[in-house]
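Should a chain be cited, it is by its letter among A, B, C and D, assigned in written order, with residues numbered from 1 in that chain.
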Amino acid sequence: MSSSDRFERPIGRSPTTYAPPPAPVGARFSVCQEITVLWGDIDALGHVNNTRYFGWLEETRLAYLRLIGLDLSTGAPQKPVLASTSLDFLRPVFWPDTVRVEGKTTRLGRTSLTMDYRVTSTSQQAVVATGSAVVVLLAPSTNRPAPIPDVIREAIRRLDPDARDTL
Amino acid sequence: MSSSDRFERPIGRSPTTYAPPPAPVGARFSVCQEITVLWGDIDALGHVNNTRYFGWLEETRLAYLRLIGLDLSTGAPQKPVLASTSLDFLRPVFWPDTVRVEGKTTRLGRTSLTMDYRVTSTSQQAVVATGSAVVVLLAPSTNRPAPIPDVIREAIRRLDPDARDTL
Amino acid sequence: MSSSDRFERPIGRSPTTYAPPPAPVGARFSVCQEITVLWGDIDALGHVNNTRYFGWLEETRLAYLRLIGLDLSTGAPQKPVLASTSLDFLRPVFWPDTVRVEGKTTRLGRTSLTMDYRVTSTSQQAVVATGSAVVVLLAPSTNRPAPIPDVIREAIRRLDPDARDTL
Amino acid sequence: MSSSDRFERPIGRSPTTYAPPPAPVGARFSVCQEITVLWGDIDALGHVNNTRYFGWLEETRLAYLRLIGLDLSTGAPQKPVLASTSLDFLRPVFWPDTVRVEGKTTRLGRTSLTMDYRVTSTSQQAVVATGSAVVVLLAPSTNRPAPIPDVIREAIRRLDPDARDTL
C-alpha cells in the first residue's frame, strides 16, 4: 500500500488519527535518540512542522555515525552527506511531548548506506512517522564519493547484521 | 537509477559536484517561488541544511494551494496536511544565493494529491534537488480524509492537465 | 559593565572561553527546562546559532506560563505575546550537549511581565547565556493589552515573590 | 519609554496593532536586505515566530560584514561572533509577506561594534521591529577578542560616519 493509497479510503479509528497506526512487528533498531518537542516546532496548523522531523532524523543519523566511529570533525578524511531522504507522516505530533527516534542501517554499499527510521511519540505511545535516508561519504578534497573505510564497515555489520549488502 | 546507485560509481564532472546534473527535458511546472538562502540555513558542513529544503517545498506547496483557491484560514472546511515527502539532493547549496522552487500536481486522487518539485540554484544555474509530496485534505472536525471539492479539482485540472487521475 | 565593554579587554581564562563566566550568586529560578542540543542547531561557525537560544527561552517561557495556569489554547481569553527580548551570549555551545534553561518573573505589571533567563551547558558546567523577555497579554478579539487575571497574578506571586511590582 | 511601559497603557489605533508605530524620523541605514516570509515561519499563534526575526537580523549583519570587506571564510584571520542582541516587537508579521531589514553601525570599539536594525513589513507598510546587536571579532586560534583591522574600520567609518567611537 503506497502512502497515497492510505488516504484514499475512510479511516475511522480515532478522531485524532489520520492514518492507521502501523504494526512495527519484529522491528529492531540499533540507535535511539530521545528528543524534546519544542513549542516553536509547532506551526500554524497546530502540530509539529514537517521540517522538524527531518532534523530529528538527522540527530539520530549523526548519533549513529558517531557510534560506528566516523570522524565528524572538520578535517576528517570522509564527509557524510545526505543524498536523499523520505518520510511518511502517520500521526500529527503536539506540544508538549518527547519523541523517540530510532534508526538502523538497512543497506550497505561501497560508498553509501541506507538508514531506516521510526519516530514514536511518548505521549501518544504510537509510531508517528517512518522514513529513510541515503548517506554517501565524500572525500572533502574532491567532493567525490569515497569508499566506506573497512573499520567503519565492520562496525556497521556488527550493529546491523541484517543490512542488505550492495557492495 | 535509484538515488543510492548514483553515488556508487565515480563521478568526475567538477570538484563542486557530487552528482551528475539531471536533464529536466520537457519539464513544465505550474507554480514557482523565488526564495532567499539565509546565512542561518547553512549548517556545520558549510552548505544548506537538508531541513531547509523541505521548508522551501512547503512554501511552494502553499503558494500552489492558494493558487487553486484552497482556503488556508483556521476555520476552513478542509485542512491540507502532508502525508509523505521525499527529496533527492543533487548538489549542495551555498550562501549567498537564491533558489527557485517549482511545483506541479502529478497525481490527483479523491482526497489527496501528489506534487513534484524542482529546486534550482540561481548562482549555480543548476537543478540542486528534486522531490515530491503527498498532500491529503482532512475535515477539521473529524480529522478524516475529505473529498477534494469540485471547484478545487477543476482548478488543479486547468493548471496541471497532465496529472494522473487516481479518483 | 555593558555587554560590549566585556569584549574590549583581554580575557585569558581558556581558549574555549570568549567571555568571563558570570557569577550567578544568589540566583534562584522558578522554572527549568532541559533541552537537547541538535546537530542542526550548529551553524557554519561550528557552534549553536543565536536564533536557537531564543527558541530555548521560549520553551521555558511557555513552561512557566503553563505552570502559572495560563490557558495557551486557541480560544483562550488572553494570548501571551512577546514584546521584547534580549540575550547576552557568554560562551559558545557545541554539539552534542544538553542545556538547562531556567526562568523567573522579575517584574509584574498590569498587563505585562518581565522574565529573566539563564542558560547552562551540561557538558561545560557553565552558564552560557543570560537574557530576559517582556511578555504582554492581549485580548484576542481586540489585540489590545488585557489585565493579567488575579488568579494568574497570585500564582506568579507565589512562584516569584521577589518580582518587582509595576502595577 | 521602555518596551514594557509601552504595553501598560491602552493603545487603540487598530485592531491589528498591539503597539504604537514608531516614528523613524531621520533614520538612515547603510545596508538593507529583502527577505521572504515563509509559511513555516508562522507559529501556533498565527504570526511569525520571534526566533525568525533574529535570523533576519543575522542575514543583514552578514551582508554588512561582507560589505565592509570582512573575510567570512573558514580560514579567515578574524571570526565575528554575536556577543548580545535584543529586539522590540512592535507589530506581528503574517504570511505571505516580505520584510525589509535595514542595519547600520552605531558604535565602533576596538574589537567590537554595535549595529542597530529596523524591520519593515512590505504588506503592512510599517516598521514591525527594531533591535540591535553587539558583534565582537575573535582570533580563531585563541578565541580572544582581536582588534578590528584598520581597513575594515575605515570601511565602517565611510558607511556609517555617525557611529559613536569607543576605541
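A few remarks follow.
Here is the rule we go by: a contact is a pair of C-beta atoms (placed from the backbone, for glycine too) under 8 Å apart; a residue touches a chain by one contact, two chains touch by 3 or more.
Since this is a predicted model, take the numbers as computed values, not measurements.
Taking the mean of C-alpha positions as each chain's centre, the chain lying farthest from the centre of subunit A is D. The chain pair C-D and the chain pair B-C differ in C-beta contact count, and the higher one is C-D. A separation of 31 Å divides the Cα centre of subunit A from that of subunit C. Taking each chain's centre as the average of its CA atoms, subunit B and subunit C sit 36 Å apart.
One simple way to say how far apart two chains are is to compare their mean CA positions; for subunit C and subunit D this gives 20 Å.
Looking at subunit A, one finds that residues 39-40, 46, 49, 51, 55, 58, 74, 95 touch two or more other chains. Considering their complex, residues 33-36, 38-40, 46, 55-56, 58-59, 62-63, 74, 95-96 of subunit D touch subunit B. Partner subunit C is touched in their complex by these residues of subunit B: 39-40, 42-44, 46, 49, 51, 74, 95. Interface residues of subunit B facing subunit A in the complex, by the touch rule stated above, are 3-4, 6-8, 10-12, 15-19, 45, 49-52, 54-55, 58, 79, 81-89, 92, 107, 109-112, 114, 134, 136, 138, 142-145, 166.
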